[in-house]
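I've put the structures underneath this note.
You will see two complexes here that share subunit A, one where it goes with subunit B and one where it goes with subunit C.
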Partner chain A sequence: MSDITGNGKFLVGIYDDDDVVLKAVKEVKNAGVRIHEVYTPFPIHGLDIALGHPRSRLGIAAFMFGLSGTITALLLTAYTESFDWPMIVGGKDSYSPIIYVPVIFELTVLFSALGMVGTFLVSNNLGPTVKPLMYDLRTTDNKFAMAIDLDKNNLVENDIEQILRNSGAAEVNVKQF
Partner chain B sequence: MASAHVLPSLDEQFEFTGESKRRLLIGVGVGVALVAIGSYLLASGVGEHTHEVAGAGDAAGEGHHYKWTTRLWANVWLNAIYFTGASVIGMFFMSYNYLAQAGWTAAFKRIPEALPAYLPYMCVVVLATFFFAGHDLFHWTNPGLYDTASPDYDPVIAGKSGFLNTPFYLIRVVLYFVLWYVLWRVLRGFSLQEDLYGGTSYYEKSIKYGTAFLVVFAVTSSTSAWDFVMSIDAHWFSTMFGWYTLASWHVTGLAVITLTVITLKERGYLQIVNDSHLQDLGKFMFAFSIFWTYVWFSQFMLIYYANIPEETIYYRERFSGYGGIYKAPFFINILLNFVFPFLVLMTRDSKRTYVILKLAAWGIIVGHYFDFYVNIMPGTVGEHGGFGPIEFGMILIFACGFMWSIASQLEKANLIPKNHPMLEESLHHDI
Partner chain C sequence: MSHVTSAVRTPLVTGGKTYADVTEDISRQVEGRPTREWTIAFTISVVVLIYGTACVFWTWWEGLGVWGLNKTVGWAWDITNFVWWVGIGHAGTLISAILLLFRQKWRTAVNRSAEAMTIFAVLCAASFILMHMGRPWLAYWALPLPNTLGSLWVNFKSPLVWDVFAISTYFTVSLVFWYMGLLPDLATIRDRARSKVSRYIYGAFSLGWNGSAKTWARYEYLSLILAGLSTPLVLSVHTIVSMDFATSVIPGWHTTIFPPYFVAGAIFSGFAMVQNLMLIIRVVFKLEDYITIEHVESMNKIITLTGSIVGVAYLTEFFIAWYSGVEFESYAFINRATGPYWWAYAAMMTCNVVSPQLFWSRAIRRSIVWTFTISVVVNIGMWFERFVIIVTSLHRDYLPSSWAMFHPTLFDISDYIFSFGFFFTLFLLFAKFLPVVNMAEVKAIIKSSSEKLPVSVSGVAKGERVANPTFNKDVD
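Presenting the complex of A and B:
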């Protein structure tokens, strides 16, 4: 992720089971360790609540992208149909917004959809030249990884490793970015 | 979540208390009194437009001498169609949940299951209204329209006589109610037996019969919309009308289900229904309000754009016809059925707040009454329409009857389908 500080040294606990990792999140947090992020092959219900993540602002972003589409469509139809080249169709005024509701609707959907694709790429650090940070390749298959940023924790490495193992981690690796 | 694995008790018996019965009876009594007062006022000509403008000959009033009873019967018809829809949607909801093998609805499945019990009463009301007032409400029942020798001969309506004739009409209406009701009885029977004997065989059979209902309803929802509503304005037609009426009925039924679930929960029943269930019900209302708007607007925009006189007359009558008395209901319709639920139900928090959900559900229920009002009234009573004691009284009678019917069905079975194979999934519903 882009918010890596210091020397970017991480402890990565690998878990085999979604129930175990969910329980482990609570235990590790109770032991006073700050968790950077948990990576899973599939969504786990209640994980973001257990991690204490703030409510996602994706909805607000989607609304803003949609709104920009609506405004673009209003300006586009108004400019082309009543200013640039006024046309009378079906006996209506040259600008009758009701006729352009489909255009306005479609551009709203298009802008919010494309905007969300862009948001997805940016927020997940994906792109042609960007090298994504993988804490453990097996999280795309069948393993669950809990990443601990050592620079953001006061506990020493060995203590954290012990806490991770006690919480059910099958292995604990060090990852340096 | 799974941490506290203490399952709530699955034995819940709804009690239709004497107090509730008394209130509903008072409601019906007030309704009857209001209808009586309204009828008296209409019969003695109070509040009627006395100026009889010559040449007010709109399609509906043509060849008819207007009687005050027409408004009474139009109200009966309007409410009968509205509540027929709200009750049959219970069956529709059950069926598509079976077909999709959806699990989350199992916890409150008894509520949609209770709605269609009102159908036989509505069938009687619909048939009686057609029998007593068919000629006043439906211009197409006038035999002169089909007789080339008659001065009333109408080639447009005569061309539709293969479909719009009284025997075929009555067969269709009876068929709708029989098919809907019988298939519901089958599913209800399976559901009650499942409570006793358990197992998955009833669930699998329910999927088959639910799917059969969906096939039946795919056709009958459209044709019944033509018969019940669109044939009032027999000259006019819209190919979107079936979908439009289904959308209206569907979102009304969803609002009734949501409202019933919340009311039961507030009275201490259905504690297993959690915020996630309610949020999903809220999403359903939100989504299908938008779907209704989509169909409403598609129908409107095509007619507006094409500007063909025989089509635009439908909106002309509602927008500026009859002294503009339908203009307010026309806009209330859009505000209550689109703007209000769209803005109110958009956020996640609002769909988890009982007060807001109830407010939105009431808005939708009232709004779709106006939807049917705007579709039915101009073609039947025209300039004699309005909002008086008759309208309010009639809603009260039908609504209290509907609540009575739902409550007595809920009382007949355990409030939670305790042997439903999807119940475990529903108990852990978490979004």
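Presenting the complex of A and C:
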């Protein structure tokens, strides 16, 4: 994660429950605290909206990659079957697009799936050599962590800690990267 | 967030599990030493694999003449085994894709293993394609390569070429879908790992997953679109496999009903195989609270549905053979049921049409022993289905002087045994080194679908591990 600026000092509120953390996001935001990110062991519906993350555009990527697969298959079949080495098989025209539908479909799905997964990995900075910044190791088990970047907030540390506790945080820890 | 579920719904997770319990119960077998049962099973699989590999190499070295094929029956066990394994490979993606679109929550406990099964089954199927080529070093001729590399361009009008595209796309997309689903769980194992080696390996494979809200939102979006893409894909694969037969002019193969009938049959046998594997896994890994009788029953319902579709298809084929008035077609079907291969046809009808109907009884549907037995029977029946379609349609050629029978040789049998060694070796490696149940997805449904909600689902579990002792200062 490259978006760490300043001295990388974070307050990390640890929550025990997914419903509590979802409510807490709204409360903490209303109290005027800027939330860096929330880390959870499983997806919580509505959390990204509560945090104000923009809607994912992966669908557009999937469509574009799928389209490129369709075009590749159309060009491949047209070039090989009717241009480079025209052949009549089964009495059909050398170019008969209907009969290429299976190949066109499969390449559309293949390009779309691989392209979208590649986009997902790149946009989330995921890769075999990536060292994740873990605000709390238990967030992949049973805890929910809300990270507050102290450099990006004007409130003092103690006030933020109080706001986190009031919102239902079971623990508030300091994490320095 | 509203976690509202009707009180009449039966729970999908029993035993009042907390989030930490889920992690603990499912990670345990990944982290511990292999159990004795696992070691024994793995040793047997590897021995079978070594024997099978030797036989496959002998098949290639000596040529396909070691099989029992003859001039009339030019396709027999090789393609039977191929279609059988591809069929089995349909359940995983059906569970993870179609059931995701239908919002079936019970899918969460079984999708990981079912998808692993899919991937390994497709690999087994592909091995028969390589085997029946006879010259596997020229397998790349099936790819669209220009003349200087292969012979001509591949014939894009041939269903066999469609198959190359369908199977390889299906394998790739299933693998990617499965691996993306594994990322959060691999990160869980990474963060729990005590040894440096496993932290490094699981760390590399988890690709630096940190579970941020943004990643999760995109992940859910990704899963949804992949499911949307995989749904027509899974239907297309067996459709195209069926076209290998349906676009030919052989009586008994030239049947327009093949695509839906093959897809239903594939799901039918795939679920039977999932049942067999899950019933063993739940006992060996003590996962009875996650893979409950409810899950077994849901899958049995799908087996009954698809088994009935297959039964209707068999009868329709027969009716159309008579109704069409085509004497070749009529003969092919009468010969199938009453000719020299009547026993294969009878086995197919009993195993596939009669046996799944027993599941109309709730007691049988919810019985482990019955489920396991019927699932084995269904898979035997589905193997016979492909054998019947392939061999009985071929063995009576147009000229009576060309009529022949197929007799399997030791190598037909051994090459089939190879695929079992291959499959179970891979599956046992998966079961030991990867979490067999999707922890993140089970945690996500636990509030709505747990048997009895613990005081706090997120509370401290028995023997909960404390990641960092300094955090422990104010645990509630």
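We take it that the second predicted complex is superposed on the first by the 177 of 177 C-alpha atoms of A that agree within 3 Å, B and C clash if a C-alpha of one lies under 4 Å from a C-alpha of the other, contacts with A are read in each partner's own complex, and residues count from 1 in each chain.
The criterion applied here is as follows: a residue touches a chain if its C-beta (ideal position, glycine included) is under 8 Å from a C-beta of that chain, and two chains touch if they have at least 3 such contacts.
Because the structure is a prediction, the values reported are computed rather than measured.
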Comparison of subunit B and subunit C by subunit A residues contacted: C
Touched partner set for A:110, first subunit B, second subunit C, both or neither: second
Subunit B versus subunit C as contact partner of A:46, first or second or both or neither: both
Which superposed partner A:10 touches (first subunit B, second subunit C, both, neither): neither
Subunit B versus subunit C as contact partner of A:90, first or second or both or neither: both
Subunit B versus subunit C as contact partner of A:142, first or second or both or neither: second
Contacts of A:132 with subunit B and subunit C, given as first, second, both or neither: second
First (subunit B), second (subunit C), both or neither touched by A:98: first
Contact residues common to both interfaces of subunit A (with subunit B and with subunit C): 19, 45-46, 59, 90, 92, 99, 102
Footprint of subunit A on subunit C - complex, ascending: 1, 3, 18-20, 23, 144, 146-147, 152-159, 161-162, 165-166, 168-169, 172-173, 176-177, 180, 183-184, 187-188, 190-192, 203-205, 207-222, 225-226, 229-230, 232-233, 236, 240, 243, 439-441, 443-444, 447, 456-459, 461, 464-465, 467-468, 470-471, 473-476
Residue numbers on subunit A that touch subunit C, as the complex places them: 1, 14, 16-19, 22, 37-48, 51, 53, 56, 58-59, 62, 66, 76-77, 80-81, 84-85, 87, 89-90, 92, 96, 99-100, 102-103, 105-107, 109-110, 112-114, 116-117, 120-121, 123-134, 136-143, 170-171, 173
Residues on subunit A engaged by subunit B in the complex (per definition of touch): 19, 45-46, 59, 90-92, 98-99, 101-102
Complex contacts: residues of subunit B adjacent to subunit A: 1-2, 297, 301, 304-307, 347-348, 430
